[in-house]
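Each structure below appears as structure tokens.
Here come two complexes built around chain A, the first alongside chain B, the second alongside chain C.
For the complex of A and B:
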């Protein structure tokens, strides 16, 4: 029931998105391209938080590792884009596994702090070795995905759709249910015979894979890798806000939240410095009054849960 | 000579860290809230103090007072508009309250930070110090303000200690951190206690903010870093343990000062981060934490 309902909403929306390049200009397409990559960040984060119950304060650690691995390979060894993307995603999975080790031992604020520290350390390392990594200014890439707005847009849309479908499918599968159970009550889940550690580790690796791949795609879209766009705490904060705003534990909501966040930031641009203030205020109001987020509201109306 | 310099500078900065983290850990200990708008509230206190004392021309004392009052007001808003509605909300499952409080206070912190940047720009501001001049301590030139910072920080912490351990109200705070339900059964209104805690928190964060503004200068861009450093100190010391936080503040303060003097100021925070990761792995409850 839920599935058919969700499909009824998602499929037409995707169709409209696919037809957008016929109607709107390159500027808006560029904005949406960015929003789609953010959507993948937020969806991967939601898999960890909404399902595995792990509050990862440093999504930009996974994103940054993927992005910079790809950037360094492309800049210094002139690897073509596809192997760079694969290497970036692989490096992010390794980073995700490293992050999963404390997650299996620590809970709540302690794990949150470790993820926060991971981002700060990565940022410090990148800035300290500015000679190699380009530091705050960034690392320019010899290759870009495409210079055509429409092509870039379709790459991003296709990437988001495929990742979204995989993550959503996973979350609705038995594996997703086990994850949810281990997130809410690890002891009981273990008592029922599920291997909590194995499932959580898998969730970390999958989340890291998509974060890292999206990070690598994003820098090849932008043509440059810099701390401010893929590693900074602010990037992670935006990802978290987008996921909570769109509705946690829905995967699709995370994508909606990201598109909303980037769109609202743009619409409010005439307000200048105040735009961040207003976006945060809107997000705060949503969290206070509609804790389920955009999608939570929509899905609850369908009568599930 | 250098050792003495590190000893003195490190002491002043550590005292300030200790004061900043005390309020943060107090709120967590009593009501289980991690307030991610902490840094922004400190920034508000410092900038208001700077504005009232300098631009407004009321002098450093009135300025400091205004800064603390602003911080107190922010703390009340944080509690009554964000934290309490989330805690009382029937539509948020109990196990998710924590992440909602975190996200809510984070957003509120961003709002405060942006408001300060909009009204007063994000240029670094140095609050006019309460005391000017320098003294020589065993041949090390020490600004009087640095000594005053340490003294005031410790006075505030000392008063808090007396309040918590020697007065009836303070003991009810302690009781609330141990067993809130038991306290309610004894006829205490829990929400009054929470308001009191937030008031104490507001004053402590305000004093810390104003002193920080006078000692190092503050810009609205520092809000995130300030929250992160308070968070690290508190986790290092053990969540909810005030004496642990005080100890951790000195570890962090001295480690940073030593790195800055002996290695390079640019990697100032790196050893602290590494230490933090190590402590969290080996002893997740922190130095003096209880589980």
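For the complex of A and C:
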């Protein structure tokens, strides 16, 4: 029942999104393209936080590893885009696993702290080896996905739709159920015979895969990889705010939150510096008073009693 | 008949504390063993060691001859051990049926869809535990007993050879207790081995084949429920030894407003009833004991008085209601609770703990108060510089009481001060309480399960059982009227 409800909301929305290029200009399309990549970041993050119960304070570590792996391969070895994307996603999974295997042994806030430190490390490495990585200025890429706004828009929309469908489907599957149980009460899940560490690690790797892939797609859209766009702590914070704003444990909410966050930032641009403040204030109010987020409210109102 | 579960020489240490010492027992197929002991006796630790939630320091846990001690929990679960937790923490967005399905799933990362067989099986199990009517509802809309049924359903779904049940009847009404007994009995009928962990023999006596009683980490008795209830050591652990009483004559001014007046108090923990219609009163200068077994509701009563839990009913302090006051305001108003968990600042020294208690006093008064307390508990004087964490259990208890007294309370609430203490320490504590009672006009409310400790000082006694006050009177009458049915 819930599924069909979600379906009824999502499908028309996607249709409207697909028809947008017919009616709006290149500038707004560019903005939405960016928002769709953010949506994938946020949805991957929600799988980890909302379902596995692990707060990853460093989503931009996974995004950055994926993005820079792809960027370096393209810049120095002139690999074509598709293998660069595959390599980026794969590198993010490997880096994520290397980080998660020891970090998941820790309990409480320590997992989150490890992920936070990982971002700082990555950022430092990129800046230290500026000769190779381009440092804070960034690394130019010889290839871009497309120079056409519409094509870029459809790439991003298709990517978000497919990633979202996979992540959402996973969250509703038996594996998602086990994951939720592990996140909420690891001891009870283990007592039911589930290897909690295995499921959480799998969730982390899936989250890393989509984060890394989206990171790599994003830089090929932008034509340049820079610390400020894919690694900086602020990027990670935005991803987290988007996911929480949209609604924890809903996957779709994370996408809604991302589009809202980027859209609101743009609409409020005339306010200048103040726009960031206003967006942050809205986020704070929603988190404080509606911890369920946008989608959380929506789903709860129609929840099964 | 072969034993399904065999535990041998099981020992668990937490740092210097030996929580479980050389415990051994076996359970056959189709047998129910009750593992009982007061709080802190180590019974829960035994259960956790079997399930792999805690790693045993030494000893063996054999499941049909295979030693699983030290295995991770999920492997022990798959080997055939299931547990029914006391506190259910269900998922919020899944229905009851989905919860049962969860328990039926294999530990497989590639399970992306379930077949109809699983759903049918889950429905059958829901029917068996009496959840058929509510299986499409969300857990938060269900009463407490149904959530406990859900825990049972999950255990049934795994079809374990050995079932561990933690406090099967906590928070249930008598009708529900009968239902649960029948369900647990059905485990036995199907040839499972069942371990029931509970505070006392009484609640599980009708169901168990054998009972093993633990105290301070060691086995004190084993046998049928009757044998264990008659066992000298067990009686001493629960009741203490010979009961002595020394009630003082009723204080003057009996008709005045009591210092503390609790009327129609009710407390719910989520959906579980923790207290029901409890009324007690305490006069100025009185020493009142509330006795009851673990889980009867003593701590909840004290926490309600200190406003640490929400309650219904009224609590009046010197004729004025305490409703709406913060725990801090109540403590400053003169009601100081010394909790059963002691809540000492472990890394601070004895002296620092005491100074914190006397923080609001003028320096000179604090110094006098400290001197007086060192007179009452001489051992604390010699331990002043030592970190509270490193004290023995008895010394910690004394420090907790001393710190409470530093606040110069009008009413001192002592929650189970004897918890986990050796008999010799009890005597010292008992002497200190008696001095307190003889030399000061302090009012004391003592919650205890150990009757021998609670009665000698008491002017009046309340007996609390299953969330209600069932008896009130002077201690001399307790032995004749209430003592027999107590254990």
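One rule holds for everything that comes next: the second predicted complex is superposed on the first by the 302 of 305 C-alpha atoms of A that agree within 3 Å, B and C clash if a C-alpha of one lies under 4 Å from a C-alpha of the other, contacts with A are read in each partner's own complex, and residues count from 1 in each chain.
In this section, contacts are C-beta pairs under 8 Å (C-beta built on N, C-alpha and C of every residue); 3 or more make two chains touch, one makes a residue touch a chain.
In this text the structure is predicted, and so the values were computed from the model without any measurement.
Peer 1: Could you look at A:121 and tell me whether it touches chain B, chain C, both or neither (first, second, both, neither)?
Peer 2: In the superposition, A:121 touches chain B alone.
Peer 1: Does the superposition put A:280 against chain B (first), chain C (second), both, or neither?
Peer 2: A:280: touches chain B, not chain C.
Peer 1: In the overlaid three-chain picture, which partner chain does A:105 touch, first (chain B) or second (chain C), both, or neither?
Peer 2: The answer is first: A:105 touches chain B but not chain C.
Peer 1: Kindly classify A:184 by the partners it touches after superposition: chain B alone (first), chain C alone (second), both, or neither?
Peer 2: In the superposition, A:184 touches chain B and chain C alike.
Peer 1: Contacts for A:55 in the overlay, against chain B (first) and chain C (second): which applies, first, second, both or neither?
Peer 2: first
Peer 1: Which partner does A:137 contact after superposing on A: first (chain B), second (chain C), both, neither?
Peer 2: neither
Peer 1: By the touch definition at the top of the document, which applies to A:267: first (chain B), second (chain C), both, or neither?
Peer 2: neither
Peer 1: Between chain B (first) and chain C (second), which, if any, makes contact with A:241: first, second, both or neither?
Peer 2: first
Peer 1: Comparing chain B against chain C, which has contacts with more of the residues in chain A?
Peer 2: Touching more of chain A: B.
Peer 1: Which residues would you name on chain A as touching chain B in one complex and chain C in the other?
Peer 2: Dual-contact residues (chain A): 184.
Peer 1: If we count contacts the way the header does, which residues on chain A are in touch with chain B in the complex?
Peer 2: 49, 53, 55, 102, 105-106, 108-110, 112-114, 116-117, 120-121, 124, 127-128, 184, 233-234, 237, 240-241, 244, 248, 273-274, 276-277, 280-281, 283-284, 287-288, 291-292
Peer 1: For the complex, give me every residue of chain C touching chain A.
Peer 2: By the definition above, chain C touches chain A via 51-53, 72-74, 77-78, 82-83, 85, 89, 91, 93-95, 98, 101-103, 105, 107-114, 136-138, 141, 154, 158.
Peer 1: For a test of understanding, state which residues of chain A touch chain C in their complex under the given definition.
Peer 2: My answer: residues 169-170, 173-175, 177-178, 180-181, 184-185, 187-196, 198-199, 202, 249, 299, 303-305.
Peer 1: Going by the contact rule set out above, which residues of chain B touch chain A in the complex?
Peer 2: Contact set of chain B toward chain A: 34, 82, 85-86, 89, 91-92, 95-96, 98-100, 102-104, 106-108, 110-111, 114-115, 117-118, 224, 228, 231-232, 235, 239, 266-267, 269-270, 273-274, 276-277, 280-281, 284.
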